[in-house]
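The two complexes that follow have chain A in common; it is paired with chain B in the first and with chain C in the second.
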Partner chain A sequence: MGNRCAVIGVGQTRYQTRRRDVSLAGLVREAALRALEDAGLTFADIDAVVIGKAPDLFEGVMMPEAYLADALGAAGKPVMRVHTAGSVGGSTALVGASLVQGGVHGRVLVVAFEKQSESNATWALSTHLPFNASLVVGAGGYFAPHIREYMRRSGAPDHIGTLVAVKDRLNALKNPYAHLRIPGINREMVESTPMLWEPIRYLETCPSSDGACAIVLAAEDKVTGTPAWIHGTAMRSEPIMLAGRDVVSPRAGRDCAADVYRQAGVTDPRREIDVAEVYVPFSWYEPMWLENLGFAAEGEGWKLTEAGCTALDGDTPWNASGGVLSSNPIGASGLIRFAEAALQVRGMAGEHQVEGARLALGHAYGGGAQFFAMWIVGSSKP
Partner chain B sequence: MSEDLVATHVLEFPGGYTRTTGPVIGRFLTELRDRRLVGVRTAGGRVLVPPLEYDPDTGEPVTEEYVEVGPAGTVQAWAWVGSPRPGHPLDRPFAWAMIKLDGADTALVHAVDAGSPKALRPGLRVRPRWRAATAGHITDIECFLPEVASLVAPVRAEYRVTPGRALTRFLEGVRDGRFVGARCAECAAVYVPYRESCPACGSVVEEEVEVADTGTVTTFAINNLPDPRAPEVPFVSAYVLLDGADTPMIALIGGVPAHEVRQGMRVRAVWVPPEERTLSMTNVKWFEPTGEPDADLDESSGGGA
Partner chain C sequence: MREVAVVAFAQTVHTGHDTGLAEPELLLPVIDEVKRATGLKRFGFTCSGSCDYLAGAPFSFVSALDAVGAWPPISESHVEMDGAFALYEAWVRLQHGDIDTALVYGFGKSSMSDIREIMTLQLDPYYLAPLGLDQVSYAALQASAVNADRAALDEIVRRSRADGRANPYALDLPDPAGDEFEVEPLRPYDVAPVTDGAAAVVLAAGDRARELAGRPAWITGIAHRAEPHYLGMRDLSRSVSTAEAGRAAGVGKGPVDVAELHTQFSHEEPILREALGLSGDVVVNPSGGPLAANPVMATGLIRIGEAARRILDAAADRTVAHATSGPCLQQNLVAVLETSA
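So, the complex of A and B:
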């Protein structure tokens, strides 16, 4: 795993439908400056900057990393861009961490963002290139069949998705940065919203958000402030078109989890990981990933959700921040998971703090559930 | 009839009233003529815009300190005027707004040319549009305009797209009413559409195989959002595993009500007539049920679900 590396600063913008008041540069600076302030540093203390975001077509700014370099204090420093679809925020953190773990840099600023309001994600993801052999459908249309197959295989009752939709929004009420904060959210409210891509209802999907997230990573001898130590990092990918591919529980996700657990010495994730921030853009992905990540046996994930185990006061809280279901600036969504995991073990998660959290999982996935990025962070050194 | 006894009567003092401003309002209007906005400070420290000779809260005289404010300000409240009258400052729909100029403690009433009531919100930042010639009158400001907060950036890229050899081979098959797949010699898996390398092992695929135009719905979504390619809403997009293939394709299901589609349902491609076919998947109108008993999904491999 290389040299020790810690998260020493976290900065987030408020996530909302439309940030009318800032440019792209202003948006990323807001997160970056908050992360630097948290670490007690300035741009001058940073050795390299890593930027992540989803497709350029979202904002129509090609290679925004070039345009944003000096807005992030990167003049005269290495700057690079990461792109792994929806998992990009997580991959960006891992690329930043690898620069520290490999001994290349002492302090790295990692920033991920999306300003979805500048266009429309469904448009940007469904460009309808000529000569398609398959019907191209948006993200909801793509994932809904996998959810249906999960329900068939596991025999999960229909209301499990609703429970997650409510639970994550209840958590969001405790997170000042969350986009969707719906007072009085309950099952009736979720169930009264229309089916978009059956079996996915409107309130079982994530919002479209503007926002940015930033973290400062440091080598052991450069740590300032309160560190969240990295105990394991892993990325995996798999082809979207593969014979025998299990899209309900992709092998890349299982392998990625096994790798990150091995590095962190985790053998029983449900008991050893105090809080998990897992990429759940559609509510049913909570039980699906509970199984894929080994928190529950195959076909049993929904039982943990139903029993309230993943609630903020449950035995294995998932998405205490409200998760992707409550805030989704796509390119930043993975980094928010990683950053929230760090905040938890630093004891700095505020009202949604899981009491005494010492070990936390950050998770992101993207594409057609093809790209996975995970890390485990802890309050003590690995 | 009383209707006949109607007359127009104009009451207009010839030349208009000559209204004295006093020193305070006069200063305001003089500054206005020079395209500056000023307020006056009260003894309590507040800045009144437009200025008054007295503090409206206490009745005490204001100080003689004039403070330059604005020119930008913030909309606090507004009323939309959908049908402007002849005496109104603008001849198109506009808003009367309470505008708190930067540095002022009170709001000024003026017109905002915002185009649409949707453009107005509390906190909207506005700036004055001055008339070409000023005279020392509140109408020296023709109206206020929202600050520039966004712009439209057209982006257009045009590409020449070619499908490549493998997809061309597949589409030629589809033109002829056949689904062409590729069998990997190493993995023994059949990929549809046809491709020239195996995504699992990377081997060059040399064997072309034709698979059936019948298959099994492994899983599906019922889409309630309209789509130009679907005949109606709701419509079903399904993963169809063709008989003889190991990878599913996403396709429309037709000829059956959306809520009667099942996982495991057996389906067959509905082809458009040969004379209408092109090198495209639109040759397959959709897949419709064959009427056979459902397949057992736990026995079929692949599935893509």
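So, the complex of A and C:
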């Protein structure tokens, strides 16, 4: 894992449908300046900048890191641009951390963003490579069959997805940056919304958001302010077209979790991890990932959700921030998970703080549930 | 830093036209080749570079994983940049000390699109892209700024194309001829050709590298730097980011036998030579360089591969590789490769 590395600054924009008041550069700069302010630093203190976002087709700017270098104070410094599909926000944090863990840099600024209002994401996700078949279904259409298969295997009752949709939006009401803050959110409201992709209803999906998230990472001798120490990092990928791969509980996710738990010394994630920020873009992915990540036995994840274990006051809170279901600037969504995990162990999560959180998991996935990025952060040194 | 070397390099026989192969089909043979060369079937880390806009579709790197054989699942990442920057990420990852090998690849098919217009979309979308400035036009601004001697540029193209004809992987392009301009002062042959291709490199650390190659090409320095995006904020006749990356990589600490430079236009060679402090007797782009084969997103990685190959093959003792990204050499990576770590 290399040298010790800590998150010493977190900055987020308010996530919303359209940020007409800022350019792409203005958006990322807003998050970056807030992260620097949190760390008590300026751009001059930063050695390298790592930028992440999902497909460039979302904004129509090819490799925008070139254009964004100026706004992020990166002139004269190394800039990297990461793209690993939906997991990219998480991967971007890991690439930034790697620069510190490898002893190459002392302080790294990591920024991820999406300005989804610039285009139509479902369209941008539906075009296909030359010589390849197109599903023309967007993300929801792709994942709905995986969810139905989970329901068939586990025998989970139909309302579990609704519970997640309500729980995450209740949490979002405590997060000032969250996009969907729906007063009076309840099961009836979710169940009254249109069915988009059976069994996913409108309020069981993530929104399309504009927003950016930034973190400052530091080597041990460069730590300022309140650190969240990195206890483990892992990435795993598997091929989308592999016949026989289990799309309901992908092996890449299980392997990635096993790797990051081993590094952090975690043997019983449900007991030892105080709060988890997990990439749940469609409500049913909470029970599915509870099992994939080893918080519940196979077929048992939905029972934790139903029993309220994953609520903010439950025994294993998931997505205290409101999660991807409440804010989804796609390229940033993974980094927001990683950043919120850091905020929790720094004790700086505000109203959605999980009392006494000392160890937290950040998780992101992407592509056809085939790319995974995870880290575990803690309040004490590893 | 931990000792890391290039131990294997493979590239496609690049073509100036679409041969009907999809990206994974381009990649599979070169990945097989580096696996055979090293005997490795699994790697501690895998990293690739590609660009969605070349394929005109999101996630062009996703199907590439099919060629890697990523099962059981692998520790893997991707940069939306040239494969040279993927190699940098892999080099950093090897510094952690817990893994000893890494696979790096880059691929691109510029035959399927108009790269000259696509590159316009890389510019600031509010103030620059709407001007419609295409890649050759902004390169021509830089060529004007550097004010290179026409005979010298012609000689660079003549030499590159002759070297390319001698390189079985590069295109067969005729000696430069004609006096029309593409965009003044650039002639059509000053512009790197449309090319489809892919490349793969295996990195290994310490004793693992010594086991895998007789003469590992040790990366004794590697660094990259960006400059401001706006052309008006830079002195286009110079490349300060290349100079700074070259200093950080230690180019000047010893004699350079060969330099493989990511010159997408002939006038970039004198700019880069000056920035790296390469004297006139340093052999530049003996492979023919990008002016003889430019598979976008693999071109920079191929520079590192070609510079390493000369050490692996005992044709040189100390080589330099350069890769670039962004308009008018905005961001530059420099690596120094040597026979001893």
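Structure notes:
The rule we apply is simple: the second predicted complex is superposed on the first by the 373 of 382 C-alpha atoms of A that agree within 3 Å, B and C clash if a C-alpha of one lies under 4 Å from a C-alpha of the other, contacts with A are read in each partner's own complex, and residues count from 1 in each chain.
One rule holds for everything that comes next: a residue touches a chain if its C-beta (ideal position, glycine included) is under 8 Å from a C-beta of that chain, and two chains touch if they have at least 3 such contacts.
Keep in mind that what you see is a predicted model, and the values were worked out from it rather than measured.
Between chain B and chain C, C contacts the larger number of chain A residues.
Once the two complexes are overlaid on the shared chain, A:70 sits against chain C while remaining clear of chain B. Legend: residue contacts after superposition of the two complexes on their common chain; A:91 is shown touching chain C, with no touch to chain B. In the superposition on chain A, no contact is made by A:351 with either chain B or chain C. When the shared chain is aligned, no partner comes close enough to touch A:315: not chain B, not chain C. Of the two partner chains, neither chain B nor chain C is touched by A:268. Look at A:2: by the touch rule set out above, it reaches chain C but stays clear of chain B.
Contacts of A:152 after superposition: chain B is touched, whereas chain C is not reached.
By the touch criterion stated above, A:99 is placed in contact with chain C alone, chain B being left untouched. Using the contact criterion defined above for the overlaid structures, shared-chain residue A:241 touches chain B and also reaches chain C.
Shared contact residues of chain A, touching chain B in one structure and chain C in the other: 60, 129-132, 239, 241-242, 245.
Every residue of chain B that touches chain A in the complex is listed here, in rising order: 149-150, 153, 155, 161-163, 167, 170-171, 187, 189-191, 193, 199-200, 218-225, 227, 229, 234, 237-239, 246-247, 249-252, 263, 279-281, 297, 301-305.
If you check the complex, the residues on chain A that touch chain C are 1-2, 23-25, 54-57, 59-70, 74-85, 91, 94-95, 98-99, 101-104, 124-125, 127-132, 234-242, 245, 250-252, 255-256, 259, 367-368, 370-371. Interface of chain C with chain A (complex): residues 1, 20, 22-23, 46, 51-53, 55-63, 65-66, 68-81, 85, 88-89, 92-98, 112, 118-119, 121-126, 128-129, 223-230, 233, 241, 244, 325-327, 330-331. Residue ranges of chain A in contact with chain B, taken from their complex: 20-21, 60, 129-137, 140-142, 144-146, 148-149, 152, 194-198, 200, 239, 241-245, 247-248.
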